[in-house]
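Order of writing sets the labels: A, B and C. Residues in every chain begin at 1.
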Amino acid sequence: MKSLNTLIRIELFKIFKKGRTYIGFGAIFLIIIAIQAGIHFEGQNLFDFIMQQLDQNFQFEGNVINGYLITYLVLNTLWIHVPILVALVTGDLIAGEANSGTFRLLMTRPISRTKLLIAKFLAGWTYTVLLILFMILIGMGGGLLFFGKGDLMVFKDSINFFSASELPWRFFAAFAYGTLSMTVVAALAFMLSSFAENSIGPIIGTVAIIIGITIISTIGFSLMKPVNPWLFTTYLPGWQSFFEFELDKAKILRSVLVQVAYLVLFLGVTFYHFRKKDILS
Amino acid sequence: MYKQILLFTALLFSGVSINAQDASKEILLALKEKMEKVEKYTVDALIRVEVDFINIKDREAKISFTAPDQFDFKSEGFALLPKKGMQMDYIKMMDGGFTSIMVKDEKVRDVTTKLIKVIPDDSTGDIVLAEMWVDASTSIMHRMRTYSKDSGTYTINFFFADHPYDLPDRVEVSFEVKNNKLPVSITGDFESLGKKAEEGSSEGKVIVEYSNYVVTGK
Amino acid sequence: MADFRQNTKTLSSETYIELNNVSKRYKNFKAVDELSLKVFKGDIYGFLGPNGAGKSTSIRMMLSLIKPSGGSIKLFGKDLAHNRYQTLNRIGALIEKPDFYKYLTARENLEILGKIGNVTDLTSKIDETLELVGLRDRSESKVKTFSQGMKQRLGIAQSLLHDPDMIILDEPANGLDPQGQKEMRHLIQRINVERGLTILISSHILPEIEQLSNRMVIINKGKSVVEGNVQELLNEGEMKVSFFVDDVAKAIQAITTSGLASSLAESDDEKIILTIEQERIAEVNRFLVNNETAVSAIKPLRSLEEYFINITTA
């Protein structure tokens, strides 16, 4: 019986030998570069446009077109893209093996299905985390390098200004929260993957579920109001809570708990289903 | 025309004598003269913004002023200062000539002041009418209210500690702000989709506390 | 080849695979129906049946890929359900198509499987097995560049990687041209002799099993039809023998007047077909010749063979 460590390394080896794995990194790189180029060329116009509201009453001083604004814009843009990129790899973890017929090879070896699943999910999760770290590196690292530090101005219900000194922990918390959200997305794709024989279904399925529920929640707001607090999709943009001026700790805690509950549910279904599944592929 | 109507209306209701205008002018000129003694200063400012839709922590800034109207401020982070209300602005307003009316005596924070209405002669400027509460005995302005074409009404309260040039150590600027919301596509804040933006306007306030004046005077 | 079969004819009494009334039901369909069989140490065991007979399902149950609905499976004398790791460690398998991670090289594929299978000294083991199946010089090529035959051989290589005591090969000659099939047979025989491996091999082609196996089972519609020694099964009992003669009428007359009358099964304008035992073929031939009938050819069709052709074409 193999140690989990070996299995995880094998799964990571497989993930990073696959071309599709790099689509995510490539896409993130291109989007971030596009945002940075956009800010470089159009930042002042954007700033002036946003500032119209304050311009009436105030004069300002300070640099708000900076690396932190870039990072915030990157987060704002990518929280829609990253779930797709996460599903691209995690939706393939089980179904991809079924599709290529390699499950037969693996499962006739003395290997525990539970361990294999744990290894696969942890490897998929590692990919997810690397994707987010890559986002931080290129988005925040590149942003700070090219645009420097400064205070962050965030438009929510109100206009919030955050001092440069408090931004590292806010972004850290936002990224940590985002990682949890993406772990839930990964678990959803993983669960769908355990029911499918090819990876297209789980990938499209994950994206469709997320976008579908989000659209229904938004459009049918009054109808969905009682249900929304119990949907995991409601909490996907929850990282924005860390850019409220006063942290709503109860709201954040609730977001985390609901997401953890979904994580447990998705993984539970996956393990229950896969352990007794007949390998027919 | 607008100015004349205001003046007329002011005269009509204030019931002050023509002589009072001369007195008011004297008071204002004395105030102006005193202010003009300050050629240059730098000061540390602590800025507190109290506006409904703006959340910003108190900011420190370094403000420098060079006569007659060069005004500059620097801060480490982002800082907001009210557009009107830096007291030197009003010397400028008086420079172009003005008409003033003594309205009445009024107490401002236990100090008896003369309430003077000031109408600039130059009608192209933004400010169409100013009210000033000036302590004639010390030539210190304790309060001022301006009515402008574009920026609405500003009320500025000046607080003083002992200072050779009677520069304020605290200024509170109150004004009207419009509550308008930015489109979601810019803010990316989908959470607020279901909520209704508040319409209308509310009062905003900026409090600036000054310390460590370094003044070069005449 | 005859020599090779005699080698394995001396059967061990140690049972490597034992299926007792194993069934697999899907909703309203029985893929495997109370199947029982025994594979002994040293066997090349033929698992014969037409397509869809339940061979793959049975093999998948032996490897714990599919849970049986009923019955028991013992491998190396131990219950599979409770001794999965120990038993699977002693088995190599190639099931249906030899599918690999196409985006990895042959070596990388074997490395993954070797690591999972606790193979020690993996690098030299990989070299050795690739050498055995003749893929040593392609070890660094991606599997997507491999032909079907090469993948089939890589499949054999992976099944041998961890030095198993027994390998299970599901239709290993599938998709190969005649030359490839022949090479595959030789490879399987070599493995059996050189490595002393017990082999279970499934096929839907009787001659393939006949050439390779010492023992076999034939299954049809999930049920075992017959199990035993290949030669004995094939040759036991009567067979239908076609005698191609110059004068059919004369031959029929000779036969009906002899004691063989009851064995005449059918005839057409070029041959008569008799149901007789193998030992009597020469005797009948002599009888026909003595009755002035020229026999140009004799074609025996063994009853099992006939049966198998029937169920395969049905």
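Following the convention adopted for this analysis, contacts are C-beta pairs under 8 Å (C-beta built on N, C-alpha and C of every residue); 3 or more make two chains touch, one makes a residue touch a chain.
All figures in this text were calculated on a predicted structure; none of them were measured in a lab.
*Asks:* Which chain has its C-alpha centre farthest away from the C-alpha centre of subunit C?
*Replies:* Result for the farthest chain: B.
*Asks:* If you average all the Cα positions, which chain's own average lands nearest?
*Replies:* Of all chains shown, the one whose C-alpha centre lies nearest the global C-alpha mean is A.
*Asks:* What whole-Å value do you get for the distance between subunit A and subunit B if each is reduced to the mean of its CA atoms?
*Replies:* 49
*Asks:* Using mean CA coordinates as chain centres, what's the subunit A-subunit C distance in Å?
*Replies:* 52
*Asks:* Calculate how many whole Å lie between the centre of subunit B and the centre of subunit C, each centre taken as the average of the chain's C-alpha atoms.
*Replies:* Roughly 101 Å separates the two chain centres.
*Asks:* In the complex, go through subunit A and note every residue touching subunit C.
*Replies:* 1-2, 6-7, 10, 13-14, 17-19, 100-102, 104-112, 276, 278-280
*Asks:* Would you tell me which residues of subunit B are touching subunit A in their complex?
*Replies:* 52-57, 61, 73-83, 150-151, 175, 177-178, 180, 182, 186-195, 204
*Asks:* Please output the residues of subunit C touching subunit A within their complex, sorted ascending.
*Replies:* Going by the criterion above, the answer is residues 60, 63-67, 84-86, 88-89, 91, 93, 95-97, 99-104, 108, 112-113, 115-118, 158.
*Asks:* Provide the residue numbers of subunit A that touch subunit B in the complex, in ascending order.
*Replies:* 49-50, 53-54, 56-64, 73, 76-77, 150-151, 153-161, 163-164, 218, 221, 225, 237, 240, 245
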